[in-house]
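The next block holds one structure in the form of structure tokens; read it before the comments.
Naming follows writing order (A, B, C and D), and every chain is counted from residue 1.
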Amino acid sequence: MCRFLTYAGAPLLLADLLYRPVNSLIMQSYQARERAEPLNGDGFGVGWYVPDIDPAPCVQRSVTPAWSNRNLQNLAAKTRASCLFAHVRAASPGMAVNEANVHPFAYDRFMWMHNGVVAGFHKVRRRLRDSLKDEFYDMIQGTTDSEHAFVLFLNSLRVPFGEVDGAEMRRALVETIASLNEWTRAAGITEDSFCNFAVTDGQVTVVSRYCSGEGVAGASLHFSRGRRFECLPGGLCDMHSVAQDEQAKSVIVASERLTDDPTDWTPVPDNHTITVFQDLRVTLDRISL
Amino acid sequence: MCRFLTYAGAPLLLADLLYRPVNSLIMQSYQARERAEPLNGDGFGVGWYVPDIDPAPCVQRSVTPAWSNRNLQNLAAKTRASCLFAHVRAASPGMAVNEANVHPFAYDRFMWMHNGVVAGFHKVRRRLRDSLKDEFYDMIQGTTDSEHAFVLFLNSLRVPFGEVDGAEMRRALVETIASLNEWTRAAGITEDSFCNFAVTDGQVTVVSRYCSGEGVAGASLHFSRGRRFECLPGGLCDMHSVAQDEQAKSVIVASERLTDDPTDWTPVPDNHTITVFQDLRVTLDRISL
Amino acid sequence: MCRFLTYAGAPLLLADLLYRPVNSLIMQSYQARERAEPLNGDGFGVGWYVPDIDPAPCVQRSVTPAWSNRNLQNLAAKTRASCLFAHVRAASPGMAVNEANVHPFAYDRFMWMHNGVVAGFHKVRRRLRDSLKDEFYDMIQGTTDSEHAFVLFLNSLRVPFGEVDGAEMRRALVETIASLNEWTRAAGITEDSFCNFAVTDGQVTVVSRYCSGEGVAGASLHFSRGRRFECLPGGLCDMHSVAQDEQAKSVIVASERLTDDPTDWTPVPDNHTITVFQDLRVTLDRISL
Amino acid sequence: MCRFLTYAGAPLLLADLLYRPVNSLIMQSYQARERAEPLNGDGFGVGWYVPDIDPAPCVQRSVTPAWSNRNLQNLAAKTRASCLFAHVRAASPGMAVNEANVHPFAYDRFMWMHNGVVAGFHKVRRRLRDSLKDEFYDMIQGTTDSEHAFVLFLNSLRVPFGEVDGAEMRRALVETIASLNEWTRAAGITEDSFCNFAVTDGQVTVVSRYCSGEGVAGASLHFSRGRRFECLPGGLCDMHSVAQDEQAKSVIVASERLTDDPTDWTPVPDNHTITVFQDLRVTLDRISL
């Protein structure tokens, strides 16, 4: 299991999400609140877009813990982004801590993160790979269920590198979950898969909260929308609210609530996706497989 | 704060101390039991002696967490030692996580580890350095209180690189604590220093349990002595006991009890040193400054 | 010895200096042309300013070789800067390869790099440190001559954290060289020091080309000024020239010529400083000690 | 391309092969003599056997350059081995520098290293994998041709984890080369493959010198056999010779001659394997595909 967050909206200093909130992602790297095991110390990654330079994201990843990384600290204090992915990793037992296994995974203009585990993944890996077109098969660099799910997602897109809208991204993400379910079931695996996946092309972000088990809650996932997310010099961070019918200008989706103010956060319901569109509209949709 | 252990005795597989016990040092790297903050993920180090090759120890250190390090895992499964130091680090706030700051520190045939903190160290660092002979001044590679305490210890030895027995090592260690106390007091520092120091020359090991505060308990420290420390294939580890008047053949001194059997472990009393002599006799002595 | 470059001018993609030129800094990390030993594989660092966020620079450093670093590659392809320092390191024998020893060194709004060596540095280190005010003494994190020279420079500034102009920065840099010379001479050191230092506060950059030996050439140093430094899609990079009396808009100072076109580059004369002012005027001044 | 060496014989200090010879493997990590590109700075690995503890080797690998690694330096000065593999890597373009790609690769009691390149490997990777039994398919951790060749070798063994003698190891190694050739040819690849592979089970070592191109010399490979390989305190290293009919007690196989004495070294002929048996007999055999 891991912890992640996504941000879309007005340019925001990375430190305002990663370092300053009382339950910032860095805090979650060693003292996560909403999972039994508080430690996510097996590397980290951040990725953001600089659209006037390149449609592909700028990704920075490391196998060392996030909490002591001076490069991340420095970068976060000097960089603003309007579309950000960030992830702190807790490697599943047996998964190597090496750079190829650190999230977010990136390919072309897409980024992907995972919080969870595909049950019995080693038993379906070969079948998953066999289903891939060569161009996606060749992309795989590491050994994680998470990266393989990303490649499966890309393989599921109808026009992978052409026009892709939010509906198509959501469809491919749900198809990815369906395929994983089918193969794990066929392999006789009875444990539950936890599939909180996040994907973006720099314009639209889709995040799932999903557990394959009947009546089992998915891993925690929250979102926050408002006029602006702001951290005051004293350290207090807050999402400035919008009126009910007003358009939000900032949307955060995160494994854990970053702030203590409960009015800032709404849980994503179990077995749903949340889609954040380019105009920052947000929709919640049930996952029907 | 950190966690450490020392071993002296019959050749023992490193894994039997680092990996196999229920509360092994690796376990303590992410789930320490006897300190409030369970995480010691800012690097690790091990050092042991191969006396038929060299009187100086073989030291392996890394800034990455111990729990995921494959080199350590491999080495521990294939190496036996009769005199071992091992340490997992939790960097004090502001202390950099870099290789020069990882324990054990080694110089010539000595190794040194620290669990604790010298209060207000940055205010006494210059004075400490000014007290050093050039040869010790020049040894300093990093910025920690721990390494500076080591160098102060070496500077306090009467014949640093000649004949040094257990009594002289203990005397220099106590003098080191006394100097640190004097300087921090002179600098007006009112916080307590925690000085669990461990030093060895490959023959004798001296470890202190010390807190400068009146009536304040030092950080946890335990020892275990017996005929043999053994881990069974099933994973259960145990110190085989000796009769009251029998000579032990294995001595462990550790920040935390490695096993759940309370008869295996004796706490080192507050403000005492424990000395493990070459014949594996053990003495406990009050620290009088 | 090492290789470095500085850039000041119109916002430029980092990759256009670090990766694309035929003799880019990354190229120099493993195949430097203008020094006998072609390898600069002991870590690297880059630093640039984001003035609308913070007057202190954004610094990214690593102990791994520059040529294989994916984070640097990604960052350089997505980041533009108008004031940049970049450095690839060849550790002097005995100097540890750890993060505290990687250039550029940064403090407050200043950055500092060094290509060269202070002769017999270990013999003057203590004297150098003894000359420092406490606030600068406490800044030292590593063991290199280069970082110590930086701290000496800061200690030499009349108003270190107030108003500092180019003349004052140059004065302090020359005083730094003079002090190092005096102390090495007093210590009986007869080898030559090589002091190509670069310093900036984000507004003005001063770089020295200096060797303490009578008639001995300093390490290579070149500059290039023009309307714009541009890399074409095909890979060819070029400094677009300005008329003699026209104001340049881009200035590079570098250990080695990045391009093969000799008209792009002018050597900095031996024992001179080059100052690049905020309006991109450039002056060359003889170093008189 | 890379550089490697193997050792079999009387227990020898690792430093006597890795550090002390004039053209030691560490020297070859930045100044290789017998290949056009002198740099092998993309990580390193060593592996040796401790048969009284475990039939599987002790492997230590790192993605950082060998020349500055203090752990390796320390370990090499304190460890003796009678069967050793050591490798310094120059990553092929496009191959990631991450821990899963560093040699020697190890599985069960086998170790494997490669100096060379399988031409057009990305075009045959999928076919290679499809040929594997599940248990070997699942072993793959990284992306290199070298690791895949190792897995193919294991898959080619008749009784992979039972009794394997030198003849069978050689047969499987030659079959590995034959399969790679067949698949690259079928994929229409016209470049030459260079297949200097080394494999050992801790008892027998087989090393190939092979290039798939008609009349093209394989990458350099030499061996040295004698009574004892010794490094004198002054630094001079030498293989003490045996009489023609005397049994050697030390055998080195290496990409480059470690010493300047030409009588110490014999080239392995092109398109041959060299087998070093447990009794240190050596045979050279032509590779017939």
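The rule is short, and it goes like this: a contact is a pair of C-beta atoms (placed from the backbone, for glycine too) under 8 Å apart; a residue touches a chain by one contact, two chains touch by 3 or more.
Not measured: the values here are computed from a predicted model.
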More contacts between chains, B-D or C-D: B-D
Interface residue identity across copies chain A, chain B - same or different by half: same
Magnitude of the superposing rotation for chain B and chain C (Cα, nearest 5°): 180
Interchain centroid distance [CA atoms averaged], chain B/chain D, Å: 39
Residue numbers of chain A (touch at least two other chains): 70, 96, 99
Chain C partner contacts - residues on chain D that touch it in the complex: 30, 39, 41-42, 63-65, 67-68, 70, 91, 96-97
Chain B-touching residues of chain C, taken from the complex the two chains share: 96, 98-100, 122, 125-126, 129, 134, 137-138, 141-143
Residues on chain A engaged by chain C in the complex (per definition of touch): 13, 50, 53-54, 57-62, 70-71, 74-75, 77-80, 99
